[in-house]
Structures are given as structure tokens and as C-alpha cells.
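Below you'll find the structures, each written out as C-alpha cells.
Shared between the two complexes below is chain A, which has chain B as its partner in the first and chain C in the second.
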Partner chain A sequence: MENRPLEYDYTIAKMFMFTTILLGIVGMLIGVILAFQLAFPGVNLILGEGLAEYTNFSRLRPLHTDAVIFGFTLSGVFATWYYVGQRVLKVSMAESKLLMALGKAHFWLYLVVVVAVVVSLFAGVTTSKEYAEFEWPIDIAVVLVWVIFGMSIFGLIGIRREKSLYISIWYYIATFLGIAMLYLFNNMEIPTILGTSASGESGIGSWYHSVSMYAGTNDALVQWWYGHNAVAFGFTVPIVAMIYYFLPKESGQAIYSYKLSLLSFWGLMFVYLWAGGHHLLYSTVPDWMQTMGSIFSVILILPSWGSAINMLLTMKGEWQQVAASPLIKFMVLGSTFYMFSTLEGPIQAIKSVNAIAHFTDWIVGHVHDGVLGWVGFMIMASLYHMAPRVFKREIYSKSLMATQFWIQTLGVVLYFTSMWIAGITQGMMWRAHDEFGNLAYSFIDTVTVLHPYYAIRGVGGLLYLVGFLMFAYNIYKTMSARPVEEHELQNASPMGA
Partner chain B sequence: MFHWLEKHPFFFAVGVFLVISFAGLVEILPSFAQASRPVIGTAPYSTLELAGRHVYIKNSCNACHSQLVRPFKSETDRYGHYSLSGEYAYDRPFLWGSKRTGPDLMRVGNYRTTDWHENHMKDPASVVPGSIMPAYRWMFTKNADIDTAFAEQLTVAQYFSVPYNQSVPMKDGSTAVVKMGSSVVEANAIALEEAKVIATDMKDQDVKDAVDRGEIPEIVALIAYLNSLK
Partner chain C sequence: MVNIAELQAYGYFTLTILLVLALYGYIYHLYSTKKDVDGVDYESYSDMALKDDIDDTPVSPKSDKEK
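Entry: the complex of A and B
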């Protein structure tokens, strides 16, 4: 008994794997619909005139962003936490009834919040703040989910056998703290049912409506401190946690440099929070904050590239694995897209570039090369690595995975190239003057010119969605159709043809 | 030090928290001292305008339209004077947006009319050929939520001292008073008076009939809000 390897309990991880895939499909499908609505406005009436209110661009847009951020990505973060946490802390969830109960509460309460968000956003109940659209009752539920997540992290750490915290754990802790701080401060709001009229009436109007505690410029400042860093602590920090665990595991290589991981971690923590100001260049926030936002965005290249280079160099001497394994391909291209995206962002944060790029599709393109190429690829790769260990079966099909990889890579490339051209075209047309000093183009000229790029973007998004459905099918077949793996798996994940 | 931190999760978490909260303390707190004082000519929203603002938010108009004119010649030529911080003093939440799929609306009240908005919201491409904006026909039949707008006025007056029923200075040297009802009934009556003025300039017979019956369709509130953006 003494020498038997520890049996980890993946009950909660499995639950979150399921929502990762489900909400990924929902979020990406809505994204593709939105893309085609911009190219072909008739798509706004996809379910007929009667349901136009619920299918048009403006109602669906927050559903897309929130489904992908808080549905797909966050589920992926939770799924990997309930897998990685146990393994690097050398302790099983099954050892603590309390942690198991917390994990289940975490999942079910999360699901309740997801349903509430979907219903409320379809109904148009929103605070308007990007990625913080939820009204106060949902905010309270979100805080509860997050507190449970924190208890789960620190609970598992509390009963750990491995005394030293592995790099991935640093990043999970930072994810928890960062989002907690940002979410609380950005959602400070007063429910309007607290207002009392001169004649003594109270509890007037919608019970769920609230008003922000900050006004105008201050509200914008807090929102983009949040908005930018929700990206940091949702799309970067926990994804780095994933790659620090899954790439060395899958490739059988040790992390290239511990010192580089230290530098990147503490550097990222310190620098990232300053950069939110780059969303507000040339706005009415004080100039010095805008300049700080710009400068720190450029400095941010260092810790970002530190992590990415650390990952790529982890593959040193083992590059044949990239050719041999589609799973390694996802992770290596993911790190490459991370480098690419974290170089593009600082370029856009330079004031003179931002003057052209801000408000255009180039920003949309930037978000998507990061999210599709880095976040999406890493989450799918993590789930692919987890599947054989969680379900004790080899991955259904290697060739399907390879096909998916190329289809999605083509999708991402079509997406960001079309959005670059669209964004820079529009930015330049907005500012063009003719020889007499008048504006050269009316606004609508700068919209109609984008039609071909919007169509190409739609196709790019569709390819990515098709690839994601292949991923979902591959995981489904892995769960149901493959022979059982009896022995404890070491590095490279077993795959069928 | 780092090795020690990695063995002591509590101190590790404290360390991370200190490092990530530093930027917020330095960058955000100072701004709260002064940034949101209203400029002369900026008045709080009336009940109907606020209800219209809620319609704007409900339909995420801010997903495609900004309300922020940057200090460039190309922008001031197109949209009017660049934005000043104090102009947003009563904006809770701010609605600057992050994407201009459609044009900026910061000062749309200066150059578009009730009639233009009515036609445009019904069928955008008939007013602006080539427009990719969807139609918003349900706004002509659904009623605006005046009660909630009133509740918001009460809340901001109570908690943030927004000057309702007080005189505020206007650009021409005069003063204006934005009225807030003393009861739900009075608030609805004030909003209806304002709605009647908008409905007079509209063509849609169903909207006119609704206002005559004492109802306020969403489109009327939205147009009141858009007209107030100057």
C-alpha cells in the first residue's frame, strides 16, 4: 500500500471540462454570427423579425464576450486547476470531504451564475461596462463563486505534501487575487431601489437596476483598469499557469530556466496593472496617466516574452516533437501567438499608433490573435493532455487533432490579417483630409469599404469554430470509444490514429 | 527570499497582492480628487432622458458607438468640440465605448433631429445607404421604464448630490433647473410632458397614439436622450 502512487480525484475537473467545451461552442457560435452580421446585416434577422430584439448584433455582442471569457476560458481555468492543483501539491481531492464539497458547490453555483447571465443579457439587463455587464444580484453570486474558488485553492495548499509551490500554483494564486481585487472595485454600485422620493415612496422601479459609484472619467479609469487587467488575470496569468505545467509534462522536458520564470512572474505582476491607461489615450483622463499607460505597456514586453521564451526554450533539443505531436504543436504555436500578441499590444499602446488604431477593428484583431491563438490553443491542448488521464483512455484520433490544428491556424491567420487591414484602412480614412482641408470621406464610406474584410473575418471565425467542434468530437469519442489505459501515463499522451 | 516565499503560501499571497495593488493606488486614487466636476452648461439628465439612456444601454449601443471626441482636427471637424472631463460629470456609467463600428455620438444632438432618428431607427439603410446597423423596430411598441429612471434620479441625488430641482449655470449665462418629481406619479407626468414634445415631431401614428394615451414608447425616450447629447 505504502508505495502505491497517489490516486487523484478528477470529479470536479471533469465537470468543468464539460462546461469548457459547451460554453466554448456557445461563445464561438455567437461570435461567428456576429461576424456575419457585420458583413451581411440581413443576418440580424436570422430568426425572423419577431425575435429581432434578441438576435441583433447589440444584444448578442456582450453574450459573445462574456461566454468566451467567463464561460469558456474561466471553465478551462477551473478544470485545469482541479487537475493541476492536486498533482503538483501531491494531494488528492478525495482526501478531504470539505474540499470535495466545496468543489461541487463551486461548479453548481458557477452554473447557476452562467444561466442567470445568459437570461439577463438576452433581456438587455446590463450595466454597459465591458466584461462587467452583470447587475448587482449576479455580482454578489459571482463573488460567492470566487470566494469558493479561493477556499479551494488555499484549502488544497493547506493540506499539501509538496512543501514548495510549483510555478503554476503562483499563477493560480495570482489569478484568484487579481480578479478578486479588480472585480470588487469595478462593480461598486448602488441599487436604485434604495432611492426614496420626497413623498416617502421607496423600492421604485426594477429591483435589479443599479447605478455606478463612479462618474464619467473616474468610471472610465476604473473600468479600464479592470478591463485591461481582467485580460491579464483571465487570459494571461492562468494560461501561463497551464503552459508551465502541461508543456513540460507532455514533452518530458524540464523548464528551461527557474530564474527566468521568477523574473517573468514578479515582473508581470508589477507591470501589468499600470498598463490599463492605454485604453484611454487622448481621452479626458490626465495626461500623465495616459503616458504611464503607454510606457508600462512597452515594458510589459519583457515579462511576457520572458514566459514565452522560457516555454520555447523548454523544447530545446526536442524540436522533433513539434513535428511529431499535434498536441505539442498547439502549445508551441500558442506560445508563439502569445509573443506575437504581446508585441502587437505595446505597439498599439504607443500614442501616435493608438491615434490610428483606437476605435478600429485592429483592436478587435489584436484581441483575437491573443485569444484564439494563445488562450484557445492552450486550453484545448490542456484538455487534450488531461483527457487520457482523466478518462483513462487514449485520445480518439491523432489525425483529427492534426487536421483541427491546421484548420484553426488558418482561421486565426485569416482573422487577424483581415482585421489589421480593416482597422488601418478605417483609421487612415477617418483622418484623411482633401487639398482644401476638408474631411475626405464621410463616415459611411469608411464602413462600406470594410465589407470584404468583414466577410474574410467571418470565414476565419467559422474555420476556428469548425476546428473547435472537431475538438469536442475528439474528446467525446475519447470518453466513449477508446480502450481503457490501465497503467499510469508518463509524458506524451497516447493517441489513436 | 523567493525560495522562502514559495514555501510560505500566505506570505506569497500577501506579496502578490501588494505588488498588484501598487499601480492602482498610484494611478487611480489621485484622479478621484478632482476629475468629475461639471463644466458650465452640463446639466443632470431629465427623467425621460435618463429612461432613454437606459434604452441605449439595454441595447448596447455603446458596443458600436463611442461618446468621446479626441483632440484631433479630423475628429473635431467630424463631431464637434473635443470632449472635456467635466461634461461627463453626471454619466453613471460612462459610455465612451471602445469601438466605432458606427460614428461617435458625443454631440449627436447638435446635428441630427427627432425626425432623422425616427426614420433611422426604423430602417437605417433608408437614411444612410450602405449602413450595416440593424433596425430597432421594437422600440416603437415597447414602453420605456420611467419608474426605474426616476429611482435612479432619486438615488444619485441622495448619494452623490446630483443637483436636481436646483439651478445649474448654462453657457449663455442663464440658469436651468432640471425637475425631478416628488412622487412616482409626478415623475411620470413630467416625463410625459417631455415625451409629448418629442412625439409632435414624429410621424409614426402608433407612437403618437401611445403618447396620447399616456404611454411612453422606448423610441421617444431614446430620441430625448440622443437630442440631449450636445
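Entry: the complex of A and C
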């Protein structure tokens, strides 16, 4: 045993790569169905009247959001952690039986939670809190998964050879701490069987039901502090961790400015947590809190662009790589979409803009140019970079990858442009009135006008899903592609035709 | 008589100012010293990603005997 050269152990990374792809397909497929349901309501009955309960928009919507956030994205975060963590700390999972056992427990318990979530949401069991729909027994299991993830992170850090922590590790730690805090506070709830109603009834409802410990405006504030920071610590922080590792590594270029990466990190941590109030503009929360939400959202441009520009400048003098490698294309476009959506978000958070944008499809468009263009592209690029290294084989097809890139880019563009037009049209129509203050349009007038844009959005989503299936196929075929030598894996990933 | 809400507001304002000063202080510190306490240039930490094979030499090893 002692004589065998030490190698990184990617067992757990591979397991999470599998769930990233599987749950990505599930989440995106449901998303496409939902998009077509909005355009063509008949799709709600896709499996007939009898099963309408399970196929209608309201039942599927939380499945879509939770599958892409907690399924696809988190799996991607875990997969990359179990890959990047070892490498930048220069320590192998194989060196610690405990860490391997924790990693496996992490994966299998996560899978149990995924099954519980899918079954319960399909059955319509939900707390009705957006992005926090899971009932208390599942919440407890989620906390357990998260604690194991934390033990894995700090365990690996504890046995590291590299004294300093690479910037990506900072971001992974922030992801762990941020989500731990947010999840715990937003999901404070009391099982209904423990409660007593005002009229003295006790033991109300099923054992798994619960009510939030917050009510009214307080509930809204905690919910959107959570909701917005789920975007921060789920869709931003760990994805920045990925790009800080995978872009320099794949391109062979040192980060343009490591110092800028450090101060962007603290800037992001400082500012992000205060921005959630922008979801509650013109609501019952105190005015100063709304203003604070707006101001911090605008300031947020700085640290976000600090990271994004840092990544684009990392490619300085090496732009031919963008043309040559589809993998670099994914990452550079991802970084560009990050800049774009972190400019769009602050604009929407300005009170006067929000008066038009709030509750419209423009918000949906904003979320999706971020998650499709930035999160999705970065996770796929990361898995593409990892695949040759964990399977010791070249990526099956470069041309398939390039085709996928262009199909998905077209999909994202169709998605967000249609939602821009739809959203602004909607906002303008809702507030239009005649000289006496009577509303100019009824709700159904807006629906009629928006129909073509809803159809375009559905097509955009479908293109993205098709691209994702190409990605899944490419990774699947990579497992049996041409084996590669160690030296081929230094920087640019080997790809077959 | 100062009530709790007023106190919170002053506290919040002071904390914000302090954090802003801390952040700017940190930026000044990074760009003026250029090196961390171990004397390692911050920019050389990029090598943690570029030279990350298990037998590559760490940028700053945790301790000499573990190297």
C-alpha cells in the first residue's frame, strides 16, 4: 500500500456528477412543460383529466424550482467541491477513511432527501413557502445532509498540505455557512400536531404538517431575506468558486488579479445579505428597509463585476482560446451572463423601475438569464472539464459540444428577450389608465397580448433542454471514449472530434 | 429618551460605516503590502489551481515536515 503513488479520489465527485445530470434533465423538462402550459393551457391536462392534479402548473412549479436549485445546482456544487477541494488543498480523499465515509453518507442521504422531496411535492404536501416548500421531517434531513457536507469541507481542510486556502475554497465555505444560516432561520416552524388553536383544538392536521413561526410582514421579510440569498449562496457564490478554479485551469492562465478576487469576495459577503428587501418594494415593510434593499442591490454591481471582469481579464492575450475551445466558450459566456444579470438585477431593484417590473415576466426573464446563462453554463463547463480527469478519457465529441453551445445560447437569448418584452408590456398595461383613473386594460387583455412571447419562451426553454440532453449524451459517451495519458490533462481538456 | 428603534438605527448606521472603512482598509492593505504575513506574493496563489497535481509543490506548505 505504501508504495502505490497517491492519487486524488473522485468516487464521490462522480456520484454527484450523476445526480447533477439526472436532476438537471428532470428540472429542465418540468420547466419546459410549465412554459408550454402558460402558452397553451391545454398542456395542463397533458396526461388526461384523471391525472390533472399531478400535471397542473401549480403542482409542477415547485418541482421545477426545487429540482433545478436543490437538485441540479447543489449536486453540481457538491460534485465540483469533491473535485476542486482535493486538488487545491493537495490532499486526497483516499487519505482519510472518515472523509470517504462522510462523502458517501453525504451522497446517499442527499439522494434519500431528493426522493422524499419529489414524492411529497408531487403529492401536494408543501409548506407553501416559495423555495422552502419542504415539510419539517424533510427539513431535518436536509440539515443533516448539510452538516455532513460541512464536515467534509472542514475535514478536508484540516488535513491539507497547502497552507493557504485558494479563493474557490473561500467561496465554498461561504456557500456552506450562508445556506446553513438562511435555511435554519427561514424554516423555523412548528408541527401542527403540537399546536393548539384559539378555540382550544389540539392535534390538528397530519403529523408532517407545520406552520411557520413567522407571520405577515415578518414572514415576508424572512422569506425574501432567504429567497434572495438562496440566489446569493446557491446561484452566485459556489458558481464563482467554480469559475475561479475551472477557467484558469482550463486556459492555463493565472487569475488576472488574485488581490481583486479577495476583495470582491469580502465585498460580495458584505453587500449581498442586505439586498433581499428589493423583493418587497411597495409592500408593507418599512420604507427605510425598502430603500436599503434598493441601495445595497445597486452597490452589488461592484463586487459582482469585480469577479466577472477578473475572469474575463484572465483571458487577456489568450482570446484565441475562446474561438478554439467550446469549453472556454461556455465559461466566457457564463461570465458575461453573470455581468449581464448582475447589472439587470440592480436596475430592477431601483424603486421607479420596480414599479413597472414587479410581478411581471421581466423578473422571470432575469432569473433565467442568470441561471441558464451563468449557473447552467458554468456547471456544465465544470463537468466537461472534470470528465476527462475523473474517467481518464477524452471528451467524446468536441463538435457536439460546440453545437450544444450554440443551441443553448440561442435558447437563452430567446428566453430572456421574450420575457423582457412580455414583462415590460405587462407592466405598462397594468398601470395604463384613462383620464378618470379607470384601468385601461383587464387582465385577460394582457394575456392575449403576451401569448406569442410565452410561446417563444417555451421554444427557448426547449432548445436549452435539447442542449442539456446533448451534454448528458456527451458525458455518457466520454466514459467509453479514447483513454488519455496524464500529461494530456495539464490544462486544455482533450476532446475527440 | 432614546427608544430601542432609534438605538437600532444608530447602531445600524455606525456598523455600516465601520464595515465600509474595514473594506477600504483591506483594499489599501492588499495593494500596499502586496504580500501576506508569510511573505508570499498574493498573485502567486493562482498557482494553487494551475499546479494542483498531488505531487506538485504547494505554494506555501502547511509545515516543513509534511512537504
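Going forward, the second predicted complex is superposed on the first by the 472 of 497 C-alpha atoms of A that agree within 3 Å, B and C clash if a C-alpha of one lies under 4 Å from a C-alpha of the other, contacts with A are read in each partner's own complex, and residues count from 1 in each chain.
One rule holds in what follows: contacts are C-beta pairs under 8 Å (C-beta built on N, C-alpha and C of every residue); 3 or more make two chains touch, one makes a residue touch a chain.
Note that the coordinates shown come from a computational prediction; the quantities given were computed from them, not determined experimentally.
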Between chain B and chain C, which one contacts more residues of chain A in the superposed model?
B
Quick one: classify A:289 as touching chain B (first), chain C (second), both or neither.
first
What is the contact status of A:262 with respect to chain B (first) and chain C (second): first, second, both, or neither?
both
Between chain B and chain C, whom does A:476 touch in the aligned arrangement: first, second, both, or neither?
neither
Touching partner for A:319 - first (chain B), second (chain C), both, neither:
neither
After lining up the shared chain so the two structures overlap, which partner does A:270 touch, if you call chain B first and chain C second: first, second, both or neither?
both
Looking at A:7, would you say it contacts chain B, chain C, both, or neither? Reply first, second, both or neither.
second
Is A:161 in contact with chain B, with chain C, with both, or with neither (first, second, both, neither)?
second
Which partner does A:406 contact after superposing on A: first (chain B), second (chain C), both, neither?
neither
Determine, under the contact definition given at the top, whether A:254 touches first (chain B), second (chain C), both, or neither.
second
For chain A, which residues lie in the overlap of the chain B contacts and the chain C contacts?
163-164, 262, 266, 270
In their complex, what parts of chain A are in touch with chain B?
37-38, 41, 44-45, 49, 52-53, 56-59, 61-62, 124-130, 154, 157, 163-165, 170, 173-174, 177-178, 181, 185, 190-199, 201, 204-206, 209, 211-212, 214-223, 225, 262, 266, 269-270, 272-274, 276-277, 279, 282-286, 289, 292, 296, 355, 358-361, 363-364, 430-433, 438-439, 443-444, 447-448
Flag every residue of chain A that touches chain C in the complex, lowest number first.
5-8, 87-88, 90-92, 160-164, 166-168, 244-245, 248-249, 252, 254-255, 257-259, 262-263, 266-267, 270, 288, 491
What residues on chain C touch chain A, complex-wise?
9, 19, 23, 26-27, 30-31, 34, 36, 38, 40, 42-50, 52, 54-56, 58-62, 66-67
Report the residues of chain B in contact with chain A in the complex, numbered from low to high.
2-3, 6-7, 9, 12-13, 16-17, 19-24, 27-28, 31-32, 35-36, 54, 57-64, 66, 68, 70-75, 77-78, 83-85, 87-103, 125, 128-138, 145, 147-160, 181-184, 187
